[in-house]
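Next come the structures, one after another.
One chain, chain A, links the two complexes that follow: it is found with chain B in the first and with chain C in the second.
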Partner chain A sequence: MADQISLSRAAPAASREARRRRARGFAPAAPVLAFLLLCFALPVLALLLRSILEPHPGLQNYAALLATGTYANVLENTFLISFIVTAITAVVGLPLAWFITVAPRRLGRLVFGIVILSMWTNLLARTYAWMVLLQDTGPINNFLIWTGLIKNPLPLYGSLAGVVIGMVYIMLPFMVISLRGPLAALDPAMFQAASLCGAARLQSFTRIFLPLLLPGLGAGGLIIFVMSLGYYITPSLLGGAQDMMLAELIAQQVQTLLNWGLAGAASFVLLVVTLALYAVQARYLAPHGRKGH
Partner chain B sequence: MLMEFSLLGWWRVVLSAVAGLAALFLLAPLGLLIALSFDSSQWLQFPPPGWTLQWYAQVFADPNWLASLLTSLELGAVVTLASVLLGLLAGFAIARGSFPGRETLRGFFLTPMIMPSIVLGIALYAVFLRLHLAGTFLGFVLAHLVLALPFSIVAITGALEATDKSLEDAAMLCGAGLWEARVRVILPAIRHGIFSAAIFSFLTSWDEVVVAIFMASPGLQTLPVRMLGEVRQNLSPDIAVVSSLLVLGTLLLMGLAAIFNKDAKR
Partner chain C sequence: MMRRLGLGLCLALGGIAAAQAQSSMVFTSWGGTTQQAQQKDWADPFTKTTGIKVLQDGPTDYGKFKAMVESGNVSWDVVDVEGDFAQAAAKAGLLAPIDLPAADAAQLDPRFNSPDAVGSFYYSFVIAYNKSKFKGDAPKTMADLFDTAKFPGKRCFYKWSFAGVLEAALLADGVKPDQLYPLDLDRAFKKLDSIKSDIVWWSTGAQSQQQLASGQCPISLMWNGRVQALQDSGVPVAMSWDDNLTTGDMLVIPKGAPHLAAAQKFIAYATSAKAQAAFATDTGYAPVNKGAAALMGPKALAALPGAHAASHVDLNMAYWAAHRDDIANRWYAWQTK
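Right after this comes the complex of A and B.
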């Protein structure tokens, strides 16, 4: 009896207390917020500020970035390479993910295992393998010469083609993973219905299959495009000087030229494009953004 | 029709061919790494003129490789621990708190995920140079923690949001304090979320190289930083050995994950 009384008294007090605490509930986040402000937001802001303050206040760094031929080339290269890489991963990733979804269970799982194995393998290990593969005397050129298709080795290493191959290799698993959910959600009965109504495979493909996968392709493609824009290691190891991308330019400005102003300006450009593209995705491609369509 | 393998007709041939070539494209470089690690030619001839274990012996005898491996492991462990602890704090605030600006805070906590690493790398480098943190273990931990934390917050917040709030209330009705309830009742309930937070945090630090370049010093290098240095200088067979071991490690992890998944389903 005494227990019951104390419990009934304690209960409203405890829940009121809990409600009061939950109404705030912010306190635990304070140290995390402090950490990310100090080690993330402020350093990035400081870097961006340097772009308009160094060597003296003004927009000269942005003018240099856009007007200097070499820098403008870097910007153009960055977008071009990212676009090519995204397009190829979409064209190869779609059949690959499709196969993984519809193939006999064991075969599908094996191929998906290969995708995951390559994705989880250390980035430098993978890039190193491509450095060897793409050499003038590497396995690819040796094979092509042996077959008689070419007489002289193709300039793969240190070229745009090399950068694209290496980056497609790294991005392809992301496309497969982005497409797996949308593919699994396709109902086989829908295609049976289409076929009963007289649709040929090609018609089903272009009128049902592709439109339904478009959001998945768009989301995967966007992530890959944005990741490619900021890519540093693979292009710097596989490309030549003329294939420089934005991230390499930023690193070079800081490491060898100590030109923090220009590095800040290039970072700002990269950041703005990245955030803008993610905003597009949040608005148009995320599932909740498509309500009412 | 399009989603049933047996009904694909001749499309099946095309689909299988493209998928087969893509799988070969993904697998071949990994196979090449392993072949090169046993290649007796120092110049990475392929196919190899002969087989040898000498590069393995060379790597295992080199104290620098071991040192960078230990640095990577140590860094990964500290980052994982800090990331899970901060992830829990942030998770409780976001999943259980109801304060103005909560969703903004959630968004802010996740922004390091979409930040290009090169930007974060040089931004931290500039600050750490002034604070004499560049090239120190603490600097490394702070930098990798920024990158790992969003993954931990996503995993833990997700787990918390999937857990019934009334569990906490029930524990408190039974006389537990708020944090006692959270530690003794909620933590066990979200252990899967904590586990994935830890795995993602560790892998983020383990595989990270761009920010690490700017945090490293000649005396303090993670494994990826050392690999990058070697790759830039010469394509020595050492890298093939280290890379092969990393591929093997990935395979082992995948095997463990498969076993773990099977057990979880039972």
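Right after this comes the complex of A and C.
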């Protein structure tokens, strides 16, 4: 807060100087920026143009995307699945990251290593492994039937459940990594102070623990949500046709129907939503000290 | 920094250019056991006799195909595509004409020979089943495929909009094979609705094999060569050739292919009797060259769709090429409903 006040009081000349200094600081980033412009911004622009020019100029692709039941379904699926995956990774990731932080150092490192290790394996291989595990005749269903808990196999494969399980597994490390920093920075003395002041456990969880972790949860959640929005392989292999997500729709439009216009529109909708989410995150969930920079 | 980046970029581009020297060409197909056989039986011996290196790429992607031709930046020389795409692409001007010597062209099955595309191989969608799931009666007909009361369990069908599943639904519903076209889509989707909750989709050949072998789908409508490959590796699966749905993959040259001469030579070799016989023996997919059968053993011949010609139902690629987009839109809308 003090930081912000001093900034707003600064004289215009000084702020111009600061801006110049900051601009000079960007010079080393020039190659990367040029690369992004050439390999990201221009193709996106080209796709955007196709979405409003093909098959003829107009907004018909966007109209089709938002008005046609099928595509609306796919959009809804995409957000629903991304939301569920983000929520579950948060609920599972928080205790896991907490355990890694408070566990004896060696054990914590081992568990963290296991979480990270899963990221080193090829995504396709991991998804195929889940395919085998989740099938009606796979080990999970076989085990549950063997224990007598269920009679008929659970529809884990080719269903929403399969997509969510597969995606949560892939996204979990991102949540754990995002939460590790904020968790390690927590000062235990704060909780002592809270309980000395008469806060119940739940109260100190909701009023101290969660608010302090919010930036970490926000960053992890945003990464996961945005990555989920564009997911292709996992929903395609583990989900049924009813669970189609936007990326698969785009692939289908491009690969089978050669309909670049509609695919471009779908990509653009995805991009706009992603940017909007990023703006929300930057505005409300970014670490407090950094605001204004 | 900038200079080093530029240098790296130039090196990378130079490398790509070197790889595209005239003594090589790129062949693109669908991957898996099929493309392995195409490499072993077509590309390797072709390289040995001509000295032209054949680089393998894949899987075939129609979007990429179209984008390459439209941008004039084509990196594929010969591509294995499905029949409906071959016809639609020819009409859209995406293909370079194929220039086979007349004597070679005369050897080809006329069903799979056109100015812009020649057959790669032909195959059948067959009713495949896992023998361990059916001790007594085994599914045999298209009606059985849709009868989940008599043969319980999931059905695995090809996910993409293509000839096969809709025809199977109509045949199961009692349509005569010679009255399939034009397809009665309402009737086909109604039939599919009756077992929709029991359908699991496969999007690649490897996936169809895994689903059948694991028992996820005790019954599947899939490519005969993939069932054959499972049988050859000792998995207890079998197939029924009743109303086997036949169509061919085609070899095409994208317009603007960088190694046109090599591509023409490769196609001439790949469709020769010898190359077709070797490929058919390895895969169970049928040769498009009329001279190939004479070069094959009786056991390999018996495994081919040609041995079940009496129960063939030809999938009409001209119909599919003409209605590709309409059917696809309806197909995907139905799938996601």
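Heads up, the rule we're going with is that the second predicted complex is superposed on the first by the 246 of 293 C-alpha atoms of A that agree within 3 Å, B and C clash if a C-alpha of one lies under 4 Å from a C-alpha of the other, contacts with A are read in each partner's own complex, and residues count from 1 in each chain.
In the analysis below, a residue touches a chain if its C-beta (ideal position, glycine included) is under 8 Å from a C-beta of that chain, and two chains touch if they have at least 3 such contacts.
Please read all numbers here as calculations on a predicted model, not as lab measurements.
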item: Partner chain in contact with A:67 - chain B first, chain C second, else both or neither; value: neither
item: If touched residues of chain A are counted for chain B and for chain C, the larger one; value: B
item: Which of chain B and chain C A:240 touches, first, second, both or neither; value: second
item: Chain B versus chain C as contact partner of A:59, first or second or both or neither; value: neither
item: First (chain B), second (chain C), both or neither touched by A:150; value: neither
item: Partner chain in contact with A:136 - chain B first, chain C second, else both or neither; value: second
item: Which of chain B and chain C A:279 touches, first, second, both or neither; value: neither
item: First (chain B), second (chain C), both or neither touched by A:214; value: neither
item: Partner chain in contact with A:254 - chain B first, chain C second, else both or neither; value: both
item: Which of chain B and chain C A:28 touches, first, second, both or neither; value: both
item: Touching both chain C and chain B, counted on chain A across the two superposed complexes; value: 28, 31, 35, 131-132, 138, 237, 251, 254, 260
item: Chain A to chain C touching residues, read off their complex; value: 28, 30-31, 35, 68-70, 73-74, 77, 131-132, 135-138, 157-158, 236-237, 240-242, 244, 251-252, 254-260
item: Chain A residues touching chain B - in the complex, by the definition given at the top; value: 7, 10-11, 14-15, 18, 21-29, 31-33, 35-36, 39-44, 46-47, 50, 92, 95-96, 98-104, 111, 113-118, 120-133, 138-139, 142, 169, 172-173, 186-188, 191-192, 194-195, 201, 204-205, 208-209, 226, 229-230, 232-233, 237, 247, 250-251, 254, 260, 263, 267, 270-271, 274-275, 278
item: Touching residues on chain B, where the partner in the complex is chain A; value: 1-5, 8-9, 11, 14-16, 18-19, 22-23, 25-30, 32-33, 36, 44, 46, 86, 88-90, 92-94, 96-99, 102, 105, 108-109, 111-112, 114-127, 142-143, 145-146, 149, 153, 168-169, 172-173, 175, 178, 203, 207, 209-210, 213-214, 224, 227-228, 231-232, 235, 239-240, 242-243, 246-247, 250-251, 253-254
item: Complex contact set, residues of chain C against chain A; value: 1-2, 5, 61-64, 66-67, 154, 159-161, 200-201, 203, 207, 210-211, 214-216, 325, 328-329, 332-333, 335-337
